[in-house]
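Once you scroll down, you'll see the structures, which are given as structure tokens.
Both complexes below contain subunit A, partnered by subunit B and then by subunit C.
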Partner chain A sequence: MSIAKRVQQWATFARTWHIYDCTWQNPFESAALVKTHLMGLHKPIYHPMNDCGDHVVLINTKEIALPGDEWIKRVYFHHTGYPGGASWTLAWQLHEKDPTMVMKKAVYNSMHGNLQRRHTMQRLHLFSGDSVPDEILQNVTNQIRTPRTVPQRLDHIDKETLENFPTIMDYPKDYILR
Partner chain B sequence: MSNSHLFLKSGFPRAPLQNGLGRYVCQLQRITLKFCKNNGSSKGMRDFIENHLVDFAKENPGIVVYVKPRRHRTPVLVGEYLNGDREWLSCRNSTQEEITKWVDLLRTQNGSSSSLRLRKMWHTDVPSIQGPWTPFLLRSPEAHGQEYPSVEASKPLDAPQTATEKLIELFRQQKQLGDEDVLSQKRAE
Partner chain C sequence: MSFLRSVAGALVLARPLNSSRTVQTRRHIKRWVAPTLRELAHRQQKQGPQKPEPRAGYVEWNYRSELFAFGKRLGENFELPQLQEAFTQRSYAHQEEEKQRKLGIEEGDLKIADNQELAKMGSHIARAYVEAFLKQSLPKVPKEGQEAIASYLLSTETLANVSSHLGTKDLIFTTEYPPSPESLAESLQAVIGALADSSGVERAFLFVRDFICTQLNQKDLLDLWTPKQPVQLLEEICQQRKLGEVEPRLLGDCGKNTVLAAYHVGIYANRQLLGKGFGEDVPTATETAALDALQSLFDIHENRRPFDFGLQVETKNVRLGN
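On to the complex of A and B.
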């Protein structure tokens, strides 16, 4: 193999790193998105037998938004293997214990249970907040777009923008503002 | 694919050592014709041996031809190839013309065709003029040197315009017109 061909091979099969901001995102909707990048399904060279999955860094997993009343209705099951070792944990309890766990399980469950799944999960990096180690962040070359827009909170808008915001109508002169 | 194909070799069709470019080496090394001297199922094989076999051997001096009579058994063609392959063909009740065609197939192929599973039904030595795909193909130039995570790169591309954004846009348009009097007129109303 010539030098040019070898470099071409490296370029085609290069693992890229993606970052995904979980703020206000549905974990199950996001999991389908993250899964495609983890397994390399978004690449034209994808084949189940070639190892072309990418790394995905998930940040702000503690800010996820479960749909409806799933925080109190969704139950995670675990069994220690011993008699009486079954335990059922509500989603909000699990999230309190480990804020990355709901997201991790969502991605894990979105994939088929085969021998490759554990290895694919090794390429997923979860962070509860937005602080990511520098050696991980410097690999990242792409950000995955979220399926939902993140609304801006009123107390996060700076004062100047608020004051200059257009008023739809003026109050009457005798209107008493409380 | 069933379990009987577990050890079947797989690959792409190829010419060994660029056979046919400049020189041609016949890949069939040895052909064995087994037949019965009086059984009816060997009729075609006997006819082939009587009429064509000597010519075949003369035309192909590189191929060793064995003829093996055996009593009350099915006629069989066995080809042995330069790459070690061995192809076995039953010629039971075949006519002379059919056997001529089978022998010609054995003579012209590279190895046993039935012992190779084709991985793909197509093959090309020049896959793409543009070159193979890379993850950096068709990336927007803005993505180069961008800091991640960024709020802009996270936003969905197909998000509809919100009422607030629409309001701000209307307000800007009014401001650009610079018609203070329009506003004052409205206030007067």
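On to the complex of A and C.
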């Protein structure tokens, strides 16, 4: 095998590092996307027995947005294995305990339960905030496009911009703003 | 084995037919069959695999017609004495002479012509034609590369492979059987020499083109010849062709801090991308990028146009020398 063929192989099986910002994203919709990259489903060389998955770094997992009333309706079940060891935790409670857990479980549950799943999960790096260690951030070379655009929040717009924003009418002088 | 079994079966069947008593076929196999078969298998295994038997050892072997058929199969008209000489190895000739001397035959009758002269001539013709062919089909490759490719085509392994697939294995007179790669290669060269003697050197050239040059088909030329220091060579080439200063640039990388780091480097000259390469570190990637650029410059890329084996190299371009 010539050196050109060897490095072709190396490049084909190189693991890319992706970053994904979870702010205002639906974890279950995101999980399908993240799973594709984690397992390497987007690659032409994909095969279930081919170890070709990429790394994905998830940031801002504490900013996820569950659809509808999922925060209060979704329940995470755990059993310690002992009698009476069952516990049911609501999504908002779990999120309070560990802000990466909902996202992690969403990705984990999006994959088929086989022997490969836990190894694939090893390539998922979760961070509740936007601070990522430099060593990991240097590996990243691609950003996964988020399915939902993040709206701007009124309370995040600075006061000056708000005051100078054109208005379609003026309040009467005696109008009391509460 | 199956013979024994059938014998046993026949015995079983034969019995009731002879007797005029009630017809009752025996459905079992005799108790001695299985241990006998086992013993025979054991002996065969102990003896090991059989040695290949030369076809010439069989009664109905007709060497002359085989020799004739060899030429006709290739669509060539050989003179049979010449061809027979081409298939006679020196070791075999010596052995025969020794045998005759022992029998007391006089020196005058002893001479058996061997293929040394023909092989020498044939190898000369083959080398000359292969070099001319490469010069015409790979005009942009430097001399060093053409030599490396020619030496692959004319190596003992390649020639022996061609020779054995042309069916010379049973035609060669050698002391060993099956013939060694060296004698296979040498006899092919001698066949080329014999062809040049019989039908002219032009015909021999076509033979070399059709059977030796075609070994290049679908070969990765980088396997046959890889420049030792591609970056330096590329710099020299760019200077010669006035393409500008060679400049490697990083096109991309992934997993920098991991053991699976991959770098993608592009080689530029005068703002033009010459080649791209990958590697586990930047120097390797630069080297492969330089190789890629050289492959494009020399027109030896994997996706190049296939070799034209219908190509006629003009005889005046073949430097036969002496």
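The rule we apply is simple: the second predicted complex is superposed on the first by the 155 of 178 C-alpha atoms of A that agree within 3 Å, B and C clash if a C-alpha of one lies under 4 Å from a C-alpha of the other, contacts with A are read in each partner's own complex, and residues count from 1 in each chain.
Assume contacts are C-beta pairs under 8 Å (C-beta built on N, C-alpha and C of every residue); 3 or more make two chains touch, one makes a residue touch a chain.
These numbers were taken from a predicted model, which means no experiment stands behind them.
*Asks:* Name the chain, either subunit B or subunit C, that contacts more residues of subunit A.
*Replies:* After superposition, B is the partner touching more of subunit A.
*Asks:* Check whether A:H119 is in contact with subunit B, with subunit C, with both or with neither, and answer first, second, both or neither.
*Replies:* Once the two structures are laid over each other on A, A:H119 reaches no partner at all.
*Asks:* Of the partners subunit B and subunit C, which touch A:A4 in the superposed model: first, second, both, neither?
*Replies:* Touch status of A:A4: second partner only.
*Asks:* Counting only touches as set out at the top, which of subunit B and subunit C does A:H55 meet: first, second, both, neither?
*Replies:* Only subunit C is touched by A:H55; subunit B is not.
*Asks:* Touch check for A:H78: first (subunit B), second (subunit C), both, or neither?
*Replies:* neither
*Asks:* Please indicate which partner A:A14 is in contact with in the superposed arrangement: first for subunit B, second for subunit C, both, or neither.
*Replies:* Both partners, subunit B and subunit C.
*Asks:* Contacts for A:I45 in the overlay, against subunit B (first) and subunit C (second): which applies, first, second, both or neither?
*Replies:* first
*Asks:* Does subunit B (first) or subunit C (second) touch A:R145, or do both, or does neither?
*Replies:* A:R145: touches subunit B, not subunit C.
*Asks:* Shared contact residues on subunit A, subunit B side and subunit C side combined as an intersection?
*Replies:* Touching subunit B and subunit C on subunit A: residues 8, 11, 14, 16, 141.
*Asks:* With touch defined as at the start, can you tell me which subunit B residues reach subunit A in the complex?
*Replies:* Interface residues on subunit B, with respect to subunit A: 131-136, 143, 148-150, 153-157, 159, 167-168, 170-171, 187.
*Asks:* Quick check: in the complex, which residue numbers of subunit A touch subunit B?
*Replies:* Interface residues on the subunit A side: 8, 11-12, 14, 16, 19, 21, 43-45, 54, 59, 130, 137, 140-150, 165-166, 168, 170.
*Asks:* For a test of understanding, state which residues of subunit C touch subunit A in their complex under the given definition.
*Replies:* Its residues touching subunit A are 220, 222-223, 226, 252-258, 260, 262, 264, 277-280, 284-285, 287-288, 291-292, 295.
*Asks:* List the residues on subunit A that touch subunit C in their complex, please.
*Replies:* 1-5, 7-8, 10-11, 13-17, 55, 135-136, 138-139, 141
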